[in-house]
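Order of writing sets the chain letters: A, B, C and D. Residues in each chain are counted from 1.
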Amino acid sequence: MSTSETTPPPKEIPPPKAAPPEKTKPPVPAFEKSYVDQITNQFSDDVEVEYIKENRTRVNVKKEKIAEVAKFIKDNTPFDHAESVTGVDFPEDKEIGVIYHLGSYTDPTYSKQVLALATRVPREENPNPGNDSTKLQSLRDMFYSVEFHEREIFEMLGVYFEGHPDNRRLLLPEDWADLPPLRKDFKNRGR
Amino acid sequence: MADALFLAISILTIGSAIAALEMRSLVYGSIALMGTLGGIAGFYVMLDSTFVAMFQLAVYVGSIAVLILFTVMLVKRELIFKKIEDPKRKFAGIGLMLIVILALGAIIMDSGIKTITTDSDPVDFREIGGDFLTYYWPALILMALILAGSVMGALVLARREDTVENEQ
Amino acid sequence: MAEQVIPTKKMPPGLQVENVDDRIMTLNVGPQHPGSGHMRIIVKIDGDYIVDADPDPGYVHRGEEKMAESRNYITNIPHLERPVIHDSCNILYPYILGVEDLVGIEVPERAKYVRVIAAELNRCIYIQYWLAIYGIFLGHSTMFMWPTGDRELLIDLMEKITGARVTHAYFIPGGVRNDVPANFEDVCLRQVNYFEKRIKEYADIFYDNPILKARTEDTGVLSREDAIRLGTTGSVLRASGVDYDLRIKEPYDVYDELDVHTNVLKEGDSYARSKIPWLDMLESCNIIRQALEKMPKSGSIRKKLKPNPKGRNDEVYHRVESGRGSAGCHIISREKPEPYRLKLSVSSFRNLIALPYLLKGEKLGNMPAVYWSLNYWPVEADR
Amino acid sequence: MSVIAPKFRLGYFLKGIFDNAFWILTLVTLAGIPTIQIALFLIPLPVINGQLLTAYLAFTWLFNPTMQIPLIKALLYSDLFRIAAFPGFGFAALIAAGTIFVERKMLAKLQLRVGPFYCGKIEGILQLVADGLKLISKEIIIPAKADKPLFWAAPVLFVGTAAAFVALIPVAPGGWVVADLDVGLLAVFAVIGFFPIITILSAWSANSKFPFIGGIRALHQMVSFEIPLILSLLGVVILTGTLNLSEIVESQSSFPWIIFMPIGAIVFFITVLAELERIPFDLPEAESEIVAGWLTEFSGMIYGLVQLGSYLKLYAFAALFVIIFLGGWTGPVFWPPLDVELITEGIPIPNYVGDPILTVTTPGLPLLDKDPNEWVMQQQGELVYTSGQLLVSGVIWFVLKTVGVIFFILLPRGVFPRIRLDMLLHIGWYKLIGLSFVNIFIALGLVYAGVIGPGGIL
């Protein structure tokens, strides 16, 4: 399957932060900006607005503050459930990104909005899932629906979620001993 | 023919009774007990009382044995196959059985039951039924009502237990 | 809940039971079980009551997301519809919308209507299949045979449109793959009308059946608050009284030009959850008829796409309402022909979290009714 | 896969054939023929035309055309024929096979199934044979930790008990029943009581979880539905004053009991559905919950035996319903009654060339002659009618009614979903027992009002 050899990952993938093209951006939508501003006002240093587009916003958070920000969002904005949790491997930055997509069922005015709450955790070359520094606080107490998603991220990318009661594997076999398969250095056979 | 049949049924009854006591597996023991009860039904058939024999089969083999089996299967699995080997108790039991058989046999032989002869016809179950429906009808109705009442009562009791369980 | 440290040695979950009371029996429902689908539910029962249920998906895990990272945007189309081949148009829809967003291409008006018609037909096909299995799970073999029979009508129709019976791969960035046949409007209208007449008969034999009502009403009740808290979607959510349908709330393509109604029930039990898809089918028939009426009779069916398109340096997240609920697709793109990361946020995976929650405390006889009323498709959850 | 074994040698092959032939011949000579002779010694042989039928005479008469009819007649009235063929196993198995056939065709009609419509040449009758052959030829797999003696015994006992049930069913007037017991109905109850035991034993012996849950469910279901089953039949017993099934049928020569006790009939029908594990009550075999219930570990012919037993049981219960509530073999009769001479000896027809005798012969299965007992009984005034007065033979009426009841037993499979265990027990213990008590009180009321029953006006 894959090897955990220490060949450097290919260089052609530019990191996302490294390319902020300064073009004439479309005007920032007011409604989306209002609820993002709530978060930025509360956590001025720890959060960074990635983009505010129509119906879609993204906020990058430091990994230590993710639980606090999530609790603030849960308590002060109508976002009440997590739709999706995406884990992305960035071998260039030696980081793994975790993106929570939050939505709202209770407030009809927010029904189009999806707030992406993103963070990065350090990545290790020789992963030992659960026992290395690739750890993140679980948002399960704030958004219960991330339970299975976080289990999936754990097995697919090796991000251990502290505070998650059930960090077993979900989709992979119980005796999976290889690299977490969604990391970029896990090579598909024949590709 | 009748003698041979009697012998066969006796061997079946007594043998399966001994087996019911001696089997290590409780399930097989209860199956042997069913054999015993069935053998007794065979005796009733030989005595020309099929009515009693069928009741014996329906009630004892059909229902009581199911209850016994059901109880046995709810017992822990280790207990079903647990060996109880105690030769002292075994011999004491056999001796006690012999004493009881001898005593009962002596009493029966002594009581003169062997010499009783009667030519009157055995009572047919139809007559019993007819009497129940005609002369003793109040008793029948009373019995039916008591049976119905007891069933209802049992159901009420069972229901109360059920709701308690649900509350838990 | 107490924090649980990962055990160093992974045990199969079925063998992890220690110090369990003798009253509790562990049943492995699946993967070779007629009532589980392609998954395993580890059920612990105490008498007739389920005390614990642990879903264990992953038996049909294909690694679609990993596969998508090494294929370009066009060659990703056929394999991304594999998770739900019965609902292939709808499972492909968010990906197509995302790719159109990334490469910046407009879709012709006629193609949008064709897409809506194909998506609604496919939704009916999926729900019929789901309903058939729901019927046989409840021991109602007539309800197994009728939907599988009536489903053939729409499959024939889809075959006329796309050329394939099940896996269509019909939507492409910039439109649809090929135009509908010549007399398509008449044939489609006739088939859909007959289909609607047929599925209305299901009420007589299935949905109004007193035994079915007595059996599924008040079982597996999911309250409105819990449905929101668990983040469920689609029919499960709408059966619990939350009015949330992406076709209305976030209209994509031409759904904002059509008169779409959604079906919401308040009860949140298995019966309501099983009735919502059936009502959705009737609604789909309405949508198809409207779309057929409003569809431009001629025009381009797709925009010309330059070969091997590259995305821009961005990320997009698009959602559609599939046969089971919201299907989202999160594409992180670099300036490359293939996506950097593609995440399918599918409704089955989101609804699965409600299964252990609902099964705890139910009777064992309710397990199939509750499980399949979640509108769960194991292959989709595994991806 | 090689067709011929690699070590194949013609000499070994021939030697094997000769060995087998030698051993078969030896065993037949040493064991088979003496067994047959002992059996012939023990079996009481009939007297035909004043001659005791011996084995030698039987072989001789087989080729004598004048003696073949009496020989067959003697065979028809022998116990072996009754057990094996007509009222017993063969007849029931035929109806059971027909039941499977009808079930497939009917459900195909109801459920838009295409397979059974296009199966095979002659309406797919050969499909049954193919199924049977498949079951016979399949390997019998026994779970590793199963209790082997019980696991083997349970299907055989199941079929045996079902056959014992069939043996108690009379199908035609004149004692066409294998076991004509005075307490036939009680014997039926006794036999029914064996099914839960066999079920729970087989479920326990498989040493597997799903069969065990299925067996416990079957036990719950059968035990709780046996009580309303027995109680619902007591009303008829009170009215007829007999437990003999043939006499119960004969008491319905004017009207069937379903007219007076519809409640009992409904209760009995529902309990029959539950005892047979048919579809609204097929919890012991609920495939989406517990794989196949107590049949999960059965394979090959063991499974086939259980299926055979359950279809025999289906026939027996349907026949019991017909006997008790629908009047058994009674059908429309000639009215006014025919002359006795017309039935027995025949009336000479004047001005008719040829055979001048007009008789009423009995169509139906007791084809060749009327039962001699029947005539005697009629002379004694015990029978109101004879089979000669029936428009159609009683057996045909019986089969028609039984098939009708079987149809209604099969019908819910296309209409209802499965119910849950607690609903089932609730129906059994609360509703059906109460209704059967109502039925008993109706019967008692009819008796004490003097309308019907022993000494009643009807």
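Criterion: a contact is a pair of C-beta atoms (placed from the backbone, for glycine too) under 8 Å apart; a residue touches a chain by one contact, two chains touch by 3 or more.
What you see is a predicted model; the values in this text were computed from it and never measured.
More inter-chain C-beta contacts link the pair A-C than the other of A-C and C-D. Here the CA centre of subunit A is 25 Å from the CA centre of subunit C. For the pair subunit C and subunit D, the distance between C-alpha centroids works out to 50 Å. Remark: subunit B and subunit C have CA centroids separated by 60 Å (rounded to whole angstrom). Computed centre separation for the pair subunit B/subunit D is 29 angstrom, with centres defined by C-alpha atoms.
Counting partner chains per residue, subunit B has no residue touching two or more of them. If touching chains are joined by edges, the resulting network of the protein chains shown is an open path.
Taken together, the subunit C residues at the contact with subunit A in this complex read 1-4, 6, 10-13, 56-58, 61, 63, 65-67, 70, 228-233, 237, 242, 244, 249-250, 313, 315-317, 319, 326, 328, 330, 332, 334, 340-341, 343, 345, 349-350, 352-353, 382. By the touch rule above, subunit A contacts subunit C in their complex via residues 13-14, 16, 19, 21, 55-56, 58, 80-84, 86, 88-89, 99, 101, 105-106, 108, 111-112, 114, 116, 129-131, 143-149, 152, 160, 162-163, 165-176, 181-182, 186, 188, 191.
Listed in rising order, the residues of subunit D touching subunit B in the complex are 147, 150, 181-183, 186-187, 189-190, 192-194, 196-197, 200-201, 204, 219, 223, 226, 238, 241-243, 429-430, 433, 437, 440-441, 444, 447-448, 453-454.
Taken together, the subunit B residues at the contact with subunit D in this complex read 27, 31, 34, 50-51, 54-55, 57-58, 61-63, 65-66, 69-70, 73, 125-126, 129-130, 133-134, 137, 140-141, 144, 148, 151, 155, 158.
Interface residues of subunit D, counted against subunit C in their complex, comprise 107, 110-113, 209-210, 213, 279-280, 282-283, 286-291, 413-423.
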